[in-house]
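Presented sequentially are two complexes of chain A, the first with chain B as partner and the second with chain C.
Up next, the complex of A and B:
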């Protein structure tokens, strides 16, 4: 009886909630996030969402490179770390203001992506994944070697905040809105690129490089372009994150970050750009809020429960959350085309009447 | 001056000589067929001309210009478009976007007349091969025969001066073969200066279209001439049927 109730609730959810166009769903989510500070949450909760916005930019940038162009990167934290350290070093050594260092670190991220793109384009598939994995480790080695410039293990502390003129509590809200708008802008830009004619050529490279070449497409140019765009947004996320936490340390280059971005993207829907953004929000809130603040399980158990949930959902929705929603919508539309009895929910009611 | 001029082209894979000292030419507006048994080096020859493989020796000249060893996309932009023996569609893209990728290349973009939009041109290309109904279908849902035609639409989108078709009739049923034959003939009539090279196994379909045939055997050119002559050529019959007792 209980399962029957759940099944009916689920089919009602599918027929009513998933019937909204994806754009409207995205807008609703954005409005929900915009109005979130109204409930006056504690600063620590706000910080979770603020960080999630930046990680969402990071995940979307990975998605453009891997989901659209098919260039597997297992070391995407490199660009995040480059953004973090570029802004950190510039503020620490030169005392430049925050509005100068962030654009400059984005520029550094762009140059690094182009520079790294050249050797990476010589290899494909698994080998490319291995090569990209090496770069963050190389950078960690360099940072540890040049201790007197980078402060090595200790990291650079006390970076300037975004809104130092505001009272303490207001700062969190201002930062929350700032990152949310940043995510909104970057998300739209990345989505537009992915769905433009350039994005179409990128997908052709993912599908078949040889055929793409035969069509007269200069695939090196498009691969480099994908690397560069990805590097720009990843380093933007990294540099903003550094000022948010006021620290630039080796945590920004950690291997976990490179792999978490894969989890978020696969969970959200590879190649959709908006999927990973939603995926980051759901998984970060699950990890940092639900399993830490509400349930408060000890850390090893938290990781096990988190992984179990992710595995179950990836098995259930192998094409990701976003694709699951759009597939369901297509099913609904088809059902409507096939018979004119209306959405699926009506049909289930009608079946009941017959009995 | 010939449109395409291949001189003493040789390609070795280790000990195996796939293409051995092959020379031939294609003139403007000519349809040339390349035939030969399996493993005679037809596809390798195609790969060499379109730049996917580097030749060991010999030169390839296109409109008098030496294009030996150029990158594949540069050769495509010079005006040599090719299809593949095994279909290679962009499976994640809809059928029309497959053609649009070719239109996005420098040559494809340049060849769009000012009065046409990008989308209009893509639809026209699909019309040429009769695929407009499947326009918005993802390529992964499209059948093999339609994918063969899609390959051709994609090559035609580059408005090539030389069109190279690698086994266009492979895996098609008689009806589809007939349709494709007619589209090739129409393309030939619409663009009288375009050269077409066809590699094929199905001699019956091929002999109806082509004006000149080149026969390859074990990497070497053994005969060249009009279809009627080739079918009577003793050497060719020997290669295909085996020696008379």
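Up next, the complex of A and C:
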């Protein structure tokens, strides 16, 4: 009898909570994040989420490139690094203000993406993945070589802050909201692009390049477009991150950043745009907050536990978190077609719309 | 006269490092050829090998068993690690390149941090294979380097014979050409994957021990990305999955690198008035690889399949 009660409670939970499209769950997460500073968290916690927002833009931009056109990039940190160094060099050498350097570095990111997109059109699949990882290494080599301009290993310190006129504590809150709104805006733009006609054409390239070529799709144009859009948003994330941390150094081009973006996106759900955003938040909070502040394990153990969780998750749900939720929802809708009992909030809403 | 010495040292050092790079890339290209797996943990297997060698062949662990037994034991141990992790983590997601990348990179991170836990993140000495200097063609080379070069080429030749002459080797080539048909012909692909992964891992480990002991003589947990990138470049240049290609690619890469380091870098530094440093050599390797890929998108000896299915 007790188990029956639990089963009913569980099924009603499934019907009420999971019966929401994942898009709405992502929106709910955004509202939760929007109201987060009400509980007055310490600045370090806010900084974790601020960085997570920027990494989420970065992951979403990777997702547009890989999840839509299927051009696997193993060196996406290149665009992040280009954004960081463009803004860093402009403000260090020319002392230009923040609202000039960020748009300019986005422009540089766009140009770099088009420039790199051209040779990448020649190669496909695994070759493309391994070729793209060469670009960050070349850039790192150049940065280390021209020490007198880029300051080499030391990096460029003391970039201007976003809100220098605010008191110290308020700065963190302002930056938090700024990056969150930036994430919301870029997330919506990327989502709209991914689900527009352009995005559908890109998916056709992913599914069957030859067939879409035969249908008259200009493959070169769409592949380059995916590269350019991806480069724009990744360099935006990089340049904002540089001003946030007030430093432009080689950490923005690091190997792990290129690899972690794959982990975040696959964890969240490839090709969904909102999936990687949620994935970044969950994994960054797990890594930086749960395993650092709550459990407080030493760093090597933290990374081992984190990687083990990722491996187990990917083996169990290789389609990612967002796909898992959509699959569950589809199962439920299918089940409801057979069995008409239970609440149908979402369904009745749809029916009203039709009338 | 100086010019001739320069050319001599480029030729000698280029040949020696080319042999070792070929061994490093061989494992990577082998597992890709057979199972289409991009093993991002290849550099980590390289690193584990050096650490086991360090424990077994130096007074550190208290069990000093001599250089050759240590080398063989480390290779076997890494082969077992590689095969077991392949079966547990990569095999369930085989055929999905992105999931494989996530799993192998997480595995690489786990190995890196385990080594930090066990040995600390600082540099550990790797014993040299042999002491002393020899003079080859007017260039002074350590015996350790010559030994590593000879061992690399010998291993390469053994593997080449294994792949072309034995039954298992033929099965490997059959699977790499057409998986489904090979399966229909009664080849146990699962076992073949495990065997190939074992060989690939032990090759990575042996390459690790030979390279570290004959060059810098140290190992550290963060050594793997550099080695991984090097094997990427060699394999792409030669063509993914091609054994012959990895040999040719390794020699091209090593000659380009040595020519740059010995001859071109000082000239550029002189013109631009900058200090001479090896910081551009990685970039030059990658640029060479990109140039070759632009001319031949499947590498020098890659499979040239334009229309699939």
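A few points about this structure:
One rule holds for everything that comes next: the second predicted complex is superposed on the first by the 328 of 355 C-alpha atoms of A that agree within 3 Å, B and C clash if a C-alpha of one lies under 4 Å from a C-alpha of the other, contacts with A are read in each partner's own complex, and residues count from 1 in each chain.
By our rule, contacts are C-beta pairs under 8 Å (C-beta built on N, C-alpha and C of every residue); 3 or more make two chains touch, one makes a residue touch a chain.
Nothing here was measured: the structure is a model prediction, and the numbers come from that model.
In the superposition on chain A, A:263 makes contact with chain C only, while chain B stays out of contact range. In the superposed pair of complexes, A:142 makes contact with chain C only, with no contact to chain B. Contacts of A:218 after superposition on the shared chain: chain B is touched, whereas chain C is not.
In the superposed model, A:133 lies in contact with chain C only, and not with chain B. Of the two partner chains, chain B is the only one touched by A:201; chain C is not. Judged by the touch definition given at the top, the superposed model places A:300 against chain C, while chain B stays out of reach. Contact comparison for chain A: of chain B and chain C, C touches the greater number of residues. In the superposition on chain A, contact is made by A:210 with both chain B and chain C. After overlaying the two complexes on the shared chain, residue contacts for A:7 are found with neither chain B nor chain C. The residues of chain A shared by its contacts with chain B and with chain C are 210.
For chain C in complex with chain A, the residues that touch the partner chain are 32, 36, 38, 40, 89, 92-93, 96-99, 101-103, 105-107, 109-110, 112-114, 116-117, 225, 229, 232-233, 235-236, 240, 274, 277, 279-284, 286-287, 289-290, 293-294, 297-299, 302, 307. By the touch criterion stated above, chain A contacts chain B in their complex at residues 197-198, 200-201, 203-204, 206-208, 210-219, 271. Those residues of chain A lying in contact with chain C across their complex are 66, 72, 74, 119, 122-127, 129-131, 133-135, 137-142, 144-148, 210, 255-256, 259, 262-263, 265-267, 270, 299-301, 303-304, 306-308, 310-311, 314-315, 318. For chain B in complex with chain A, the residues that touch the partner chain are 50, 52, 71-73, 76-77, 81-84, 88-93, 97-98, 100-102, 104-108, 118, 154-155, 157-158.
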